[in-house]
Structures are given as C-alpha cells and as structure tokens.
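Dropping the structures in below, format is structure tokens.
In the two complexes that follow, subunit A is the common piece, with subunit B as its partner first and subunit C second.
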Partner chain A sequence: MTQELEMRFIEQSHQLDTSATSPLSALRAKGLKSFREQGFPNSRMEEWRTTDINPIRNVNLSYLHKIDSPQCDQHALTGAWWRAVLKDLPTVTSWNGHVAANSKHPDVPCVDMRILTDNDHTPATPGAVPGRVAELDEYPFAALNTAFLEQAICVTAAAVADDGETQPALHVAHCVSATDGNPHVHPRLVIHVQPNASLRLIESTCGVTDQPYLVNTVTEIVLEEGASLEHIRIQDDAPGAFSFGNIYVRQEANARYVSFALNMGAAIARNEFLVDLKGEHAECVLNGLYTGSRSQLLDTHSIIRHSVPHCTSSELYKGIMDGDSRGVFRGLIHVLPHAIKTSAYQTSRALLLSKTAKVHAKPQLLIFNDDVKCSHGATVGGLDLDAFFFLQSRGLSPSRARGILTAAFGGEPFRELEFSELTSALTDRLREQYAE
Partner chain B sequence: MADEPKTETMDAESAIQNEYRWGFSTDIEQDMAPPGLNEDVIRLISKRKNEPDWLLEWRLKAYRHWLTIKEPSWATVHHPPIDYNSIIYYAAPRKKKLLESLDEVDPKLLETYEKLGIPLDEQKMLAGVAVDAVFDSVSVATTFKDTLAKYGVIFCSFSEAVQEHPDLVRKYLGRVVPPTDNFFAVLNSAVFTDGSFCYVPKGVRCPMELSTYFRINAKNTGQFERTLLIADEGATVSYLEGCTAPQRDENQLHAAVVELFAHEKATIKYSTVQNWYPGDENGKGGIYNFVTKRGRCDGDHSHISWTQVETGSAITWKYPSCILKGDHSVGEFYSIAVTNNYQQADTGSKMTHLGKNTRSTIVSKGISAGHSANSYRGLVRMGPACNSSRNHSQCDSLLLGDQAAAHTFPYIDVQNPDTTVEHEATTSKVNDDQLFFLQQRGINPEDAVSMIVNGFCREVLMELPMEFAVEARKLLAISLEGSIG
Partner chain C sequence: MLTITDLKASVAGNDILKGVNLSVNEGDVHAIMGPNGSGKSTLANVLAGHPAYTVTSGTATYKGENLLDKEPHLRAREGLFLAFQHPVEIPGVTNAYFLKNALNALREHNGEEPVDAVEFRTILEENIRIVGIDNALLKRPVNEGFSGGEKKRNEILQLLVLNPALAILDETDSGLDIDALKIVASGVNHFRADDRAVVVVTHYQRLLNYIEPDFVHVLMDGRIVKSGDRMLAQELEARGYDWIRDELSEGDAA
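Let's look at the complex of A and B:
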C-alpha cells in the first residue's frame, strides 16, 4: 500500500520531459532521487507523529501537464473575504501549478519577475534561481515538489532608489481548479531581495473545486544584507484539499524577515518553515494563526537556526480549534555553538472551543552555547469564563462575547503587520465567524 | 543555602577536586550467573530467589516480548551500542543468612557504608530513618522493621516480599509499569533481581521516612532493581532513595523500575538523590542510568510527588511520571539535573490526566557545564474526560561554559477544552550582574556561582526532606566543581 502511492507519483514524474538538459531538469532528477529514498512520511516518524497523511492514499491524484491557463471561474475566487482586500495589489496567479505562458506580468517598480522553465532559464540575478535554499533531506514534500519542478516563479526585488517611494508589494496566488479528477500541483516560488531592498509578499493558496486535491508549494527566500521582507501566507484551500507549504528562508546580515501565516482551509494542511540566520544581526519574526473546524488537521512545523552571533528571532503561533479539528504546533529554536548573544523567543497558544477538538504542541529549544537568552511558552485551554461572564454582564449576547474574545485572542500574531487593510479585515472576520 | 554557603563549598572542594569521592569497590566473593541473557538465566534467577511459578512465567513473558522490540533511539543521548549478552544478570554475595541486627552484617559491608559517609548505625540513630540497603543484587540488612511492623507497614526487600506477601506482590506487580512497557522496563521485568517493597495499610501515616541505598558493586553486573510502593486508602508515606557507585572504567547499565500505587486519599512522596559514577573528565566510564519510574493516582484525591536531584551517571534517561486516574488527584514533579564534563541527561516527566479536577505541576531545573548536554523531555496529556484539570510546567536551564548544551522538548497533547495547560521554559547563563555583585562583596567567583546555582534550584531543594536537602546541596557544589571560571 505504501509503495503503491509512491510508485504512482514516481511514474507520473517520469512523464515529464527528462531529455531536457536545463538546470530545472537537473533539479527534478535530484528531487526525484530524494523522494524515491524518502517516500511519503508516516506517523512512526517523530516529525510526523501527530500528522497522519493516510487520507491522501485514498485519493487518486494525477498530474496535470497543461501549462495553459484553464478556463476557470475567476468569479468564484472573488468570493473569499481576503480577496477583496488584495484585489488592488499587483497579482500573479498560477493555475494548477503553472503560470500561463501568455499571461501578463504585473508591473511593480523595482521588482523583476520571471517565469523560469526548461526552455527559458535566464534569471534576473544569479540569486533568483530555484534550489538555492530548499533542503530536501527530511522534507519529503519538498523533494516531491522538486521532482515535479517544471516552472518556477522567480521574483527579484531591488533597492528603491528614492526614499520617498513606498514598499513594493506583490501577490502570488496559487489556485487549483479541477472540473474532473484530483490534481496534484507543485508551485515553486523564489524570492530574492537584494541588499537594502524591501518587499511585501502575499502568497495565497486556494481551490475552485469540490474535489480533493494536493497542493504542495515550495517557497525559497533569500534576503541579502539589510534586506527586508514582509511575507504573508494565506492558506484557504477547498475543504477536501491536502495543502503542504515548505518555506525556506536564508537571511544575511541585518536582514529582516517578518512572516504571518494564516492557516484556515483544507482537510489536512501543514506548513514547514526552515529559517537560517546566516548573517549577524539578522532578525526573524515568525507569526501565525490557525483556525480549525470540522475534522481539519492544521499543522505548523518550524525550525529557526541561529548559526551566527547577535541574531534575534521571535515566534508567536495561535490556534483556534473548533469541531473535531486537530491542531499541531512544533517549533524548534536551534542555537549553534558559535551563535553567542542570541535572543530567541517562542510562544504557542491554542484555544479549544469544542469538546472534541485537540491540540498537540511541542515547542523545543536546542541550545549549544551559554551566552544566549532563549525562552518559550505554550498554553492550551478553553475560553476564559470570567471574561466571558464580564462581557455578558455588560449586556453583550453570549455569541457576541464569544466573537470578541476569540478575535482578541487570535488577533495577536498579526496585530503588528504593516498591512493594515488585511489586519482589520481579518479581525472583523474572526469576530463574525466566532459569534455565530 | 544563604546561611552557610562557604562551609559547604569548602567541603565540596576537598571532596571532589581530584577524584570521584565514592570511587572504591569492596572485595566480597560473589555467586554469579554466566554473562548473557536467555531463558535459562531467567530460570536461574527465579530459582535462586526461590520464586513461585507465576513470577517465573511473568518474567519469561517479559523476556519474550523484549526479544521482539528494539532499543529506543529518540533520546538525545549518544553511546556505543550496549551488548546485552556481555552483562552478568545475577550476582549475589555468598554469605547469606537472616540478620537481626547490624552486628551480624559482614564487617566489610559496613565498612563500605562508612566510606560512603552513611553508616547504617548512624542512620539508625539519626532522624528515625529506616534503611533497607541493597548491596549489589541482594538485600542483606533491613532495619527498623519491627517499629514499622507495629503500624502494619510492610517494608522489606523485594525478594522477601515475594516469599512472605506473595498475594500483595502478585496483585500490584506490573499494574503501573506492565511487563510489556518500554525496552528497558521490559528488560528489568525479565531479569530484576531485587529491590524494595513497601505497603502502607489503610489510614496509616508511615511513622518515619523510608530509604534505600542502592549500590553497584560487582564488576560488569547490571543492576535491575524493582521497587514497588503501595499506599492504601488514606495512607501517607515518604520514601527516599539515594545512590552512589564505585569508580569503573567500563560502562555499567542500570535499568531500574519504580512503581507507585496510590489508592483513594493516599499520598506518596518519592525523593531521589542520584549520584552514580558519572565517568571521568574525559567522558570515560560512568553508569548508564535508564530508569522507568511511574506512579498511578488510582483513587480519588490521591497525591504523588516526585522529587529528584540528578548529579551522577554518564547517561541519564529517566521520566518519572504520574497517571492521574482518580478525580481530584494531584501529581508533582520537581527536578534538578546537573551535568558536567561529558555527562548526558535526558530527563523530564509525563503527566497523564484522566480524572476530573486533576492537577499537576512540573518544575525542572537543568544545569549544564563542561561539554555536557542536558535535555528536558516531558509530556502533558489531557484526556477527553478530565474536565477542570490543569497543569503548569516550568523548565529552566542554566548554562555554565560555552561548550555545554541545553535542550527542551515538551510535548503537550490536549483533548479537552475545559482544561488549562501552561508551559514555560527559559535558557540562559549565569547573570553577569549577579556575579559581579557577589564578587564585589568579597565572595570569590566559585562561591558566587555556587550561590547563584543554589538560588536557581531553590524551588526544588525546598521540596526535599531535610536529610536529603543537605546532601543534595553538597552534591550540587561537588558536581559543578572545576566548571566555573
């Protein structure tokens, strides 16, 4: 049984053009080799102990080779609340893992965007190529993504010449549309922020289908000296979807990476972050919110690796779990022997709203030198009944009180984002959703 | 600590500056099984100990299960593979007769205890502590038995209990740690040779602190103690366990099992000071301490409290845990783990909440110095029916020296919204400001660090019974000797 699914994927990847000698084809071979060695993970593996991906085995997933944009219902997309917030942003959309060859690229000042394929492999900068920071060993889904790497969206942000200009922003949407069949798609996004440049990137995944599908993204981010990136990830996949995100970040000296991941859709969703702080005084803020209902499984894994002195990192993840849903948070702060004067903080909090919801948390510290300040905290519990009573005593209905308290709880991870349109829309959304 | 840190530190210095203080071994002829493990060895152990058939079957069942499982590899410890077939699983002192008083004890044994600084007769007079001393695998002396007998408290060696209270042993053995538990517990179930047994009857408050001193003596003899402690309805008992071991070059395996069983409204307090031989400053030798300790709060309002001070062993692998089955039951875990040189410790606690209104507290203080690694690994699980339960965990790590490592791996599994789970952990080095302040007051750096470390551990030291608190503080200073500056 185990072998069967792996073989199906391996066979499908063989159908890709293996005769090409492009860099992408070399990467594909590497990815396939790594996936062949690893296979799909199972719950006997420590990192997958609480994440059972067996439901994927029951779906007959197939790969869509078509690069043309499918005839899909653009209107179906606009329904989501967050789409309204992002509608004015320059957007590039990949359908089923591919950006149509004839699609028009948005014009953003200081940002160069290219689609690399087997036939067209001229990156804007040597840094903006796939495969630079992604690690495949122990990341079977990243290996799988690489095995199907036909196209990579590569974005290079250059420093703004004039201080007066605002921070450039870009929205990359990964959409899945399937009229029949169950596609598996593997979008690849490469972000290269050049020295002292800055960028706001919104990455979203969503589906316009009722069918189960697998979306498996790899995002590679390189921040050069003094660069800064605000990275917002919105996962709003269709209810039956399996959504995996692998995010690799490398930060040089003084680079700043601020991330907020909103995990709300799909049947099984997992984000894996690997942040490598390579230059001194780099700063990383890794925040996120997961809101589960039905029998969803929402999982976040993160590793923040402090390799050099004087770096700071902070991580705050919150979960709101309702229905039969299950939340998983595993974060690791890894401080290597020479990374003195490290400050690292990690907090994971989860709110359980139903009797049958579950949360598994494992915040970890792995510290190999003495000159550090590291701490972590984790809490899991129900709504604060005193606060709930207080709001009702002030005349609020129980449902409104519940909405206000839940929104206040969930609001912390994104409160300090500079993208205020999104933060206020999300707060409103939480307040309404949990007041029902 | 603040009262007289100086004296203790001086003691410490003289004691450990060069050599492991308790490093010596006693020459006593031994009756040994051949090295290796098979069903015959288990039959031999069982026969030598004159055990009933059901116990032999129980051992064999464990052994057969052991053959089917693999040694776990998830702990963050590194050691060469253990050859289970080179271990001698049974060794007993040859002279063996029932003893009434200390006079009848082999003088060589008594000398051993004197060298340890804990002579039995002195203990007997001091503080009303009854001591059941395990010398290698067979208990040879038990004191204060008569006093305890008056209250109906049974406190004896495990093999004695098997002979004299077979029903009790049969009823409780393996109920907390079943013979099919983890790898090392299963091994213990198959080959355990002796240990302590204690039963406190209904409504009895045990009149004195109970204590056992374990000691590995024979070369190449794995120690597989089994301790079983039962507190019946409304009973209260406090048990102290301490260990020291002679210096050895080869690594020795120590895989003990401790089972605590608390009935309704019973209270068990289990304190450990562990000081097995940690190996020399280059990481050579030392004990592998792979212990399974588990308590079951079976009845409502029961209470189990673990306190441990871990300073010894080359490798420690130990997670004293509580199963909180009874409603309103309470589990506690207070721990200090000190590692120096090349020691490795992977320790923590497991709290499994099953009953309603259950509460648990975990306070873990890890101190790592030299090239050592110290990990906290814990699990807090809230079952679906444990309404209104709460847990608070706190794990602090203190690092001394830039080669030391401190890790934290807390697992939190919650299946009930009506519970509160809190976990916090910090890792830092000794505060420079505090160190400067103390030195500026004329205290030398070594004493200053010792004071800060003692302050860091205060919360746990306070939980120890008086007799142990003194020894524990001494051990802390001793263990960190040479790592400061």
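Let's look at the complex of A and C:
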C-alpha cells in the first residue's frame, strides 16, 4: 500500500547513510521495511476509524538532515506558561529531531545521558538502547520514526546513594522550527530506570513556526525491579502541526510508572501508550487531559497488558472540547490468563463546551481470568448548571464561575502529580483560558 | 428592603407561583411555611435568579431597584443571599478557595481591596467557631462528601463570611440534629441586625423557638394565603394545614 506520500518518505529515508553498520542503521532498515509494509494508516483500520490523518497528505513534508537543521537558541521559544514552571530543570533540547553535537548535557546526579548515533553507539547501560520495547507492527508511526532513527537520546537513572537525596528530574524538549518548508522530525528517547531508582521525566513538544510540520516521537521506557518513573508529557505544538507520540513501557516487579499527559496543541495529535506489566506488583497510572478548540483532533490510545498476577493499573483521561474540535479516547485493558489478582480501572470524562465539539470514547476490557477487579466508565456532558448557578449566586461572575469549574474538571487527572508547581500552574491557566 | 408584588413564575412549563405578595423591611425576620411542593423553594430560587425558573408576571424590588432584571451574581453582590435547600457539590474546588473568591468578588464590587491571607484566615476562624465545623472541611472540595448537616452548616458559614443584607434560608434546619439546629440558629441570630433582613423557609416551628420571627406566612399552591405572628407557627404545628384549606374554600364559597 504505497501512495505518493509513503513513496516520498521512503525515498527520503534512503538518503540517510546506508553504508553505516551501526546498531542504529540496522534498526533503520527494520523500521523502513515495516513502514513500507504498513504505509500510513487509513480510516478503514479499526484503530484509526475515528482518526483521519489524511490532512498530512496535503503538506509537502521533508526531512531536515542534521546539517541543514537550523540551530535556534532557547530564546526563540515562546513564553508558554509551562516553560516558566520548567525553566530551572536540567533540560536537553532537540531541534528538528537532533540534539546538537556541541550542546552541553545537563548534569543531573544519578542520571547518565548519552546521544547515540551511527558513529557513537556505546550506551551507558546495556538497557539504555533503542529498539528494546518499541513495537513496529500495527504502529506505522513508530515504524516511520525508526526508519529515520539517526539519533537517540538515551538516559539511565541509577538508584540514589542515600535516602536523603531528592528524586532526579530531567526535561527533554523537542522543538521544531521551520524557517521554510515543512519538516518531519522523529525524536527517539530511551529511558532506563535501574532497580530501585527513580526519575521525574518531562517530555515536551512544541513548534516555533506557523508552518505545518510532523513531529513523531518514540519513547521507550524500561523500569527495572522497584524502579519508579513520573513521566509528564506536554504537547504544545504549533496550531498546524501533526503530532504523534508513541510511548512504550515495560515494567518489572514492583516498578511504578505514573504518566501525566497534557495535549493542547497541534491540528492532529495522537498519543499511543503500550504498557507491559511484566513483573508482579507493578503499578501503572495513565492520566491525562486534552483541551481542544478550532477543528483540532486530539486522540489518545492506550493498551495496558497485565501478563502477571498482582499488578495494578488505573487510567483517568479528561477532555475539554470547544469549537469544532474532536477528541478520541480508546483504552484497552488486556488481562492475560495468568494475571490473577489484577486491579484495573479506567475512566474517561469529557466536557463539551460547544454544540459542535465531539468526543468518541471507547473503553475496552479483554479479560481472560475470573480473579480480577476491573472497572471502566465514560461520560460526556456539559458544564454542571447547578454548580454554575451556585457560584454565581455567591457573587462570582459567569466567566469566573465557568473558569473555576472548567479548571476543577480539567485539573483532576493531575491532582496526584507530585510536581505540584505544574498542577497549580495548569489549573491557573485553565481558569483564565476558560473564563474568556 | 424587598417588595414582591403579584409574582407569578413557572418551571418546566408548569405554573408554580401564582401571585405572591410579600414585603420585607430591614431588621425583619420572616418565616415562610407551607406544604411540600407549594412553591417555597421556587420563590427563593426566583429571587436568587436561577435560570430554570421563568417569571411570567409581577415584580420584585430590592433596595429600590428592579431585582428580576439583574444577573444572579449582581444580586449576590448587592447583598442577596440564598442558603440552598439542597447545597450542590463542587468537585475540585476547595471550600476555602471558593469562599475567598466569593468574598473578593463582593469586595471588588464594593470598591474594597481583596482580603489578604491573614485577614481571610481570621474571618474564617471566627466563623468556623460559630458554625462548629471542622477545619478540615475548608480544604475539601465544596460540599463533596459532606454529611447533610455539614452541608447546612457550610451554608451558614458562607452566610457569615459573605455578610449579605438579605438572607433567604431555604430549609436550612432540615436534616440537622438538635445541637446543629441550635448552632444554625445561633449563626442566624449572630447575623441578625437592624440593617439586615432574614427570610427563613421551614417546616418546623422548632427552629422558630430559636430564631424568633416577626412574621409567619403560609405559602400554599403558589400564593401566600395567610400571615401572622409566631403564634401562627405554633398553630400550624398543632393543627397542620387542612384548617387553612378549609378556611380558604369557605372564603371562596362566601
């Protein structure tokens, strides 16, 4: 199934250095093969039925080689509210998919960061290499990312020496800037959290351009026994962007993965989570908020696989949709026959602020044993009019009341976040934004 | 302070208020009693400006101005307060945050500076003591998971913090234990002053032992059909409403 756009991508991938014999080039070949077989998804495919990506075909996307990629400095980034919260964190920035060779790596205790390339492919730990957990079949965008895998940001977090030390934190920012043309970029991030180690990771995508572009990230996460990761994703791409995030997580025994995803920008955006609970007593929390306006399409897909006993997963996604925007939430909880004593909860709630906004929510449970506690629920509705009136009856203006109620709704998935500065900045932001 | 003339209102297409007349002066405490479904809450909600209720005719003036034209938040800012029969839960908005915002909205309206943290704390602590609720309720979302009595006490807390000119209390005594009843009554008495007025809707004369009303009215089938002093409440407690119905039908027959 190769159409014009697929052909163009395949040609561009061929232009990468094929003579290299590095692990990355082997992966690229694999990614290209998989992408060639799959092509871009279409709405006849079950998982893409409500997500039409055809607008991508109307943009002349081109690959920016490392060398052509403009080097912007941090100042080019706009003063988005969330940047103010993250500004003091150790940060590594990729521009158009590449971290500059000469850029200084942040110095974070217990964290080793390497940029793997064709020329330099020595990982910090054997676990911190790309290709370990990403699945390419059924994930055409991950295959495409792999076909363009020239560089991978690989992070290893080691356990702290004593209990007094604070949890290390790292911000990985993927920025796209297009002086002319429409770049497609494919950042790869690999996170390896060693036994009993913990890390807070913030991953953001944004664009300093008015032009449409495609940003297509793959994040591979391996959490060893007793490891813990707080993973915050902020998608604040430019209004015309196509933004795809493919997140693969593998958790060993007692590992804890907590994800908070905030989807705000782009014209079409989709996050796909695939979480594999491989060790007993692993715990996974997938929470998120999407806020749409205009004709944005914001999609979240997740699969949580319970393959062993005694694991817990919980998922809370909320959407605030205005204008003609569309939200999609599809979550599959897959409990395998051996995974007894599984607890899995999933909730999807959407607030529609206009008559033309829509949300498609589809929870799915696939459970192959009887000894589980699972539940799911989905609601879609408008503002609670009694609450809205109540606040006004106490003197709050209608706009302030609307802002407060909307922020309270949208802030819920982030309430458990230990990074409370971000939660309160988000709530403030929502309160203002929806007070019109 | 408040003058209601021949007020008619409907909800969901049903006529509920069928010509209410009531005049409330500064310093007054009025009690409104009446059978279930007679329109007491409808009257209260119409005065507060609830959008589900439609005024079909009649007038209500408050402090000399047309009340019914005003948006609900402006009515509140000008001193009208309704303690709800069924207080609504607001997940995700803490009680303290809500109260502070409400207080600042009133202050801004009156051209005053917003409260600072210390001042707000003082106001809260003073009033929490009066209504006897746990400090922890301030950090919880408004009314979420509150017991019935806690919700009612929370309404009184709002009354005391926001300090309006006209308080309408819709069955604030329902669902309260004896102690709570006294606490709510003492909250109301604390609030009572020469330049303020109170309208209490209640089913029980018991509350009126603690809050002594100047006037008692009976609202039946969308009209105030009888008014009197606090002796009327005792009579209603003893005899129910049938004798009033009988009186009315005799009146109609004559």
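What we mean here is this: the second predicted complex is superposed on the first by the 427 of 436 C-alpha atoms of A that agree within 3 Å, B and C clash if a C-alpha of one lies under 4 Å from a C-alpha of the other, contacts with A are read in each partner's own complex, and residues count from 1 in each chain.
Keep in mind that, in the parts below, contacts are C-beta pairs under 8 Å (C-beta built on N, C-alpha and C of every residue); 3 or more make two chains touch, one makes a residue touch a chain.
Only a predicted model underlies this, so the values are computations on that prediction, with no experimental measurement involved.
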Partner chain in contact with A:Gly411 - subunit B first, subunit C second, else both or neither: second
Partner chain(s) touched by A:Asp370 [first = subunit B, second = subunit C, both, neither]: first
Per-residue touch tally on subunit A - higher for subunit B or for subunit C: B
Subunit B versus subunit C as contact partner of A:Phe390, first or second or both or neither: second
Touching partner for A:Arg400 - first (subunit B), second (subunit C), both, neither: second
Touched partner set for A:Ala378, first subunit B, second subunit C, both or neither: first
Subunit A-touching residues of subunit B, taken from the complex the two chains share: 74, 382, 384, 397, 399-429
For the subunit C and subunit A complex, residues of the former touching the latter: 48-52, 71-73, 75-77, 81-82, 84, 87-93, 98, 101-102, 105-106, 109, 141, 158, 162
Touching residues (chain side subunit A, partner subunit C) in the complex: 384-387, 389-398, 400-401, 404-405, 407-409, 411-412, 415
Contacting residues of subunit A [partner subunit B, same complex]: 46, 50, 337, 340, 350, 352-383
